[in-house]
Amino acid sequence: MPIDIDLMRLARISETVMETSSVKTLVFKDRLGSKASAGQFLMVWIPRIEEIPMSVMVSRREGHAAVTVKKHGKGTTALFEMDVGDFIGLRGPYGNRFTISTEFTNVLLIGGGTGLVPLLRLAVNITRLNIRCTLIIGARTKDEVIFEEYARKFLSDGKGKVIVTTDDGSYGLKGTASDGMVKTIGEERYDCVYTCGPEIMMKKIFEISKEQSLPVQASLERYMKCGIGICGSCCIDRWLVCRDGTVFDSNQLSRMKEFGMAFRDKDGQKLQYK
Amino acid sequence: MKGEKQSDTLSVNVGPMRLRNPTMLASGILGISQDIFERLYNNNIGAIVTKSISVDPMKGYANPTIVPLGNKTYLNAVGLSNPGVFAFSHEIMRNKFVPIVVSLVGSSEKDFPKMISFLDSLNVIGYEINLSCPHVSKMGMEIGDDPEMVSLIIRTIKRHTRKPISVKIGIGSMDVVEISRVAVESGADMITAINTVRAMKIDVQSMIPVLSNVIGGLSGKAIKPIGIRCVYEISKVLNVPVIGCGGVSSWEDVVEYMIAGASAVQIGSILGNSDDTFFNRITSGLKRYLARKGIKNIGEIVGLAHRY
Amino acid sequence: MKGEKQSDTLSVNVGPMRLRNPTMLASGILGISQDIFERLYNNNIGAIVTKSISVDPMKGYANPTIVPLGNKTYLNAVGLSNPGVFAFSHEIMRNKFVPIVVSLVGSSEKDFPKMISFLDSLNVIGYEINLSCPHVSKMGMEIGDDPEMVSLIIRTIKRHTRKPISVKIGIGSMDVVEISRVAVESGADMITAINTVRAMKIDVQSMIPVLSNVIGGLSGKAIKPIGIRCVYEISKVLNVPVIGCGGVSSWEDVVEYMIAGASAVQIGSILGNSDDTFFNRITSGLKRYLARKGIKNIGEIVGLAHRY
Amino acid sequence: MPIDIDLMRLARISETVMETSSVKTLVFKDRLGSKASAGQFLMVWIPRIEEIPMSVMVSRREGHAAVTVKKHGKGTTALFEMDVGDFIGLRGPYGNRFTISTEFTNVLLIGGGTGLVPLLRLAVNITRLNIRCTLIIGARTKDEVIFEEYARKFLSDGKGKVIVTTDDGSYGLKGTASDGMVKTIGEERYDCVYTCGPEIMMKKIFEISKEQSLPVQASLERYMKCGIGICGSCCIDRWLVCRDGTVFDSNQLSRMKEFGMAFRDKDGQKLQYK
């Protein structure tokens, strides 16, 4: 019988990893999630509390998937506080994926915060294709840098490199992830830029890339209820992030009036990014 | 109106509204963005019904609000979240070519003239009055089950607009024909049937109801035979155009609703399983069907089941 | 009664009835033959509810009376065909060991004492009063929607038998909780929820409604979320054992109904898709579930969803 | 997508054959029906009139099935009057099938009226297995003998033989089909008896076989509404003819109190065979 990814399944958390004081990775057995593509997300049910979209994190364990959650509001805090043995509900994976051309030889990945999650999955795929890969990890301060060790490990041996930027200069390059980008594109030629993270950051990256005629793929976030193209709450311009995205390319991004400018609240009102 | 010939195979008159084809977006589905309305219209939908709009913005319930149950069936308790009439009138202000029906919801008859004052001068072809949301107290079915309230609301609305209005009914605790009769006698131009059906899902492993609101409304394939029955019953007895809704996922379903008596058919949850070619596939399926049967305009099949 | 411990994992008390496990045959399914009742009981069903029996034999409607709609969902308008109480009392006269609940249907309160006089001395553990057949006029839902009639019928029955009675309700034009309240206040010992839901299917190629009666009742998987909701609503508000019914096809569905508040669960249309091992699979699934959760008797899960 | 045999499908009658003045064969395109086993039946919808069970008849045309209907009451008369181009609805095929042991070398098939339909299908299968086969065609009178020519044709060349009996002796052997049986089992040794037709006839055949310790398989008929084991109207003792049958073996037949004795009417009342 084919498995319906829309039917909620329960998964027991089998392992947790504290990434920083407010970021935690939860690992659980989930065959469907383990096969997710980079850019896809799961709808994660925290029973009686919330259901929220979460990018699928790489998990080293066969048949397992993971999510990396940053403590935020009600839902993410409850998820963050979960421990081994607790149950979550899962639907998905949903959404499209980052695409890689076999003609690429060198690509740039730029992530901020939990936006690094889909990029790690992507980096794994990219290095398997023998494409070189530079990963910029952006953070506000040293304590918030995540996944550095993991990334350095599998981007070693000439597979690529890792650049860390912190806004306050407490670690790595001082500046934003886009400052790091400006620097590295001055030094190397990249075929494509992949990004996920705060939208203002992605917008900046998109604009820099446009000037340099560098193609971009960005994984966007919007408020999501259904994750499957029914409710419309995740719309950005004419697109639904859950169905047409989460990954959009330069062409789409350039046609978006709302990208980096406006988003919709839980009630569907359009608000401006500050 | 029934059986009236049209130049174009698929164009229909739904009471005073003329649509290029009988498909409409059901309320609450992708229903808050003008950009999405335009995309759907460019993809060949006949008309749009917006998310139900209230006077003030509503956040709705916490997630999970929408639970897929498998086999194209869904459960939802969104809680009528919407940006409110002020923000929404700005959303559709620049509408030029999309036939938009605005769905309205309110907790008293006084809410409706307020909303109409924002909307009536915009490019809107009609209103659908949602009296049948099965899971929001004081706004949905509780009103729909109170014939005097239904009558008061509709008479009030009719005094404030000349645009056609459809009253959306559901499976509540009043007979669908009786509540439709009250609506029509109070001035409704059309009836939309049906809304979701009160339902619930419990996860047996965690022993917890899945929807944050516990109870919600069933939509999709499971309710189609119920919707077909309601459309048949209402359209057979009352002389009013009926808009069918519930579980439509193919051109055959559109035909089934129209034979049952629907002048147009709304499509909702199934859009979660479809892509941009959906309405083209529906309309070309309809055209092939009509050609095979030698029927010139789809209006001719409306209510053919009334023979039985 | 809820949560009361039993020596045996699956045995349940349903009001005054004690069953070895919570599964019951739904009325109208394989429900006219003592031999079949014995076969089902030997295959591990908890109890039998018979086809609804009337005073006189009824031929029912012409075929098609039962239309499979796919995905374990069915539409039927059998028309309450049954051999009548005289022939049926002969059918079950030699019943020794099967816990049989006789379903009764009538067009006036006077019918019921007549039938009870034939049945009450037989080996029958109770009666289920069918006030909710959605497609037979003057016998089903029309009565179920009339609170005074419901009350009169139940009070009459209670004067003529000391056996427990369950009142079977459906989605009609009265709120399920309200009609259950009327039934309980009139003396009903249990409520069975739900019957089939009024629905219809038209064949689009021939443009003909498939059921000979045009309108029938929807059963099977499609109505489960509606049944769960009704059981939850009734059992949360009224202090009466509720027997769940509608769309059960697995042990998980039995659990879902019981968590919603059902003391026992009826199984109907799905038997068309199953074999002699069905009830063994259900009961062993239930046992594994309870063992995993460390629950001693299944009665402990009844109504756990009422916490929400 | 797997095809759900329960979902009613429409079929257009493409050919009709008058077998006698009151028996007609209707041929129609139906892949599922064309693959039916001997003993299985279709639920045939005559729009707005009736839905009735009909054994699946052999059809020579690839992908086609057929039914042979005898004019009787409302439903069969309407079906009988249908013509090329008319539409019927179909569900199924339903029910179990006649079983053949490869150890058989010679078998006896005894049919009366439209009861011959499943036996013809069976005979085709049997001869394919190189098992010899005698077919008794029972009829009341000469004009009611059906399928004789067809049967003689494919039971030629040593594959088997055809015996016709008529009650009035107007054709073939004078007597009933069971008289024919008594005669032929006196002459030849059979491994198995297959029968379908009037229940009184089958009961007789079953009793003769019992005396001779000959195994029997009989395809029974009962009033059917659903055809799928829901309604119970087709019950005979503890069995459902639609689901446990239509074919029952000696062991089952011998445990039936109702076989040849009683049947249930449309309302479920038990009536005695006259």
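Order of writing sets the labels: A, B, C and D. Residues in every chain begin at 1.
Following the convention adopted for this analysis, contacts are C-beta pairs under 8 Å (C-beta built on N, C-alpha and C of every residue); 3 or more make two chains touch, one makes a residue touch a chain.
This one's a predicted model, so the numbers in the text were calculated from it and none came from an experiment.
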Worksheet item: What is the distance, in whole Å, between the centres of chain A and chain B, each centre taken as the mean of its C-alpha atoms?
Response: 37
Worksheet item: If you average the CA atoms of chain B and of chain C, how far apart do the two points sit, in angstrom?
Response: 34
Worksheet item: Just how far, in Å, is the C-alpha centre of chain C from the one of chain A?
Response: 51
Worksheet, complete the sentence: Two or more other chains are touched by the chain B residues 69, 208, 308
Worksheet entry | Shared-contact residues (touching 2 or more other chains) in chain D | 48
Practice prompt. Could you classify the connectivity of these chains, where an edge means two chains touch, as line, ring, star, complete or other?
Written response: line
Worksheet item: Which of the chains touch, listed as pairs?
Response: A-B, B-C, C-D
Worksheet item: How about chain C: which of its residues touch chain B in the complex?
Response: 69, 71, 73, 75, 171, 173-175, 178, 197-202, 204, 207-209, 214-215, 218, 221-223, 225-226, 228-229, 232-233, 252, 255-256, 259-260, 289, 301, 304-305, 308
Response to the item:
Interface with chain C, chain D side, in the complex: residues 4, 6-8, 10, 45, 47-52, 74-75, 87, 89, 91, 225-226, 228-233, 235, 237-238, 240, 264-270
Discussion item. For a test of understanding, state which residues of chain C touch chain D in their complex under the given definition.
Written reply: 28-33, 35-36, 38-39, 51, 57-60, 62-70, 74, 78, 81-84, 87, 91, 203, 205-206, 208, 210, 212, 268-269, 271-273
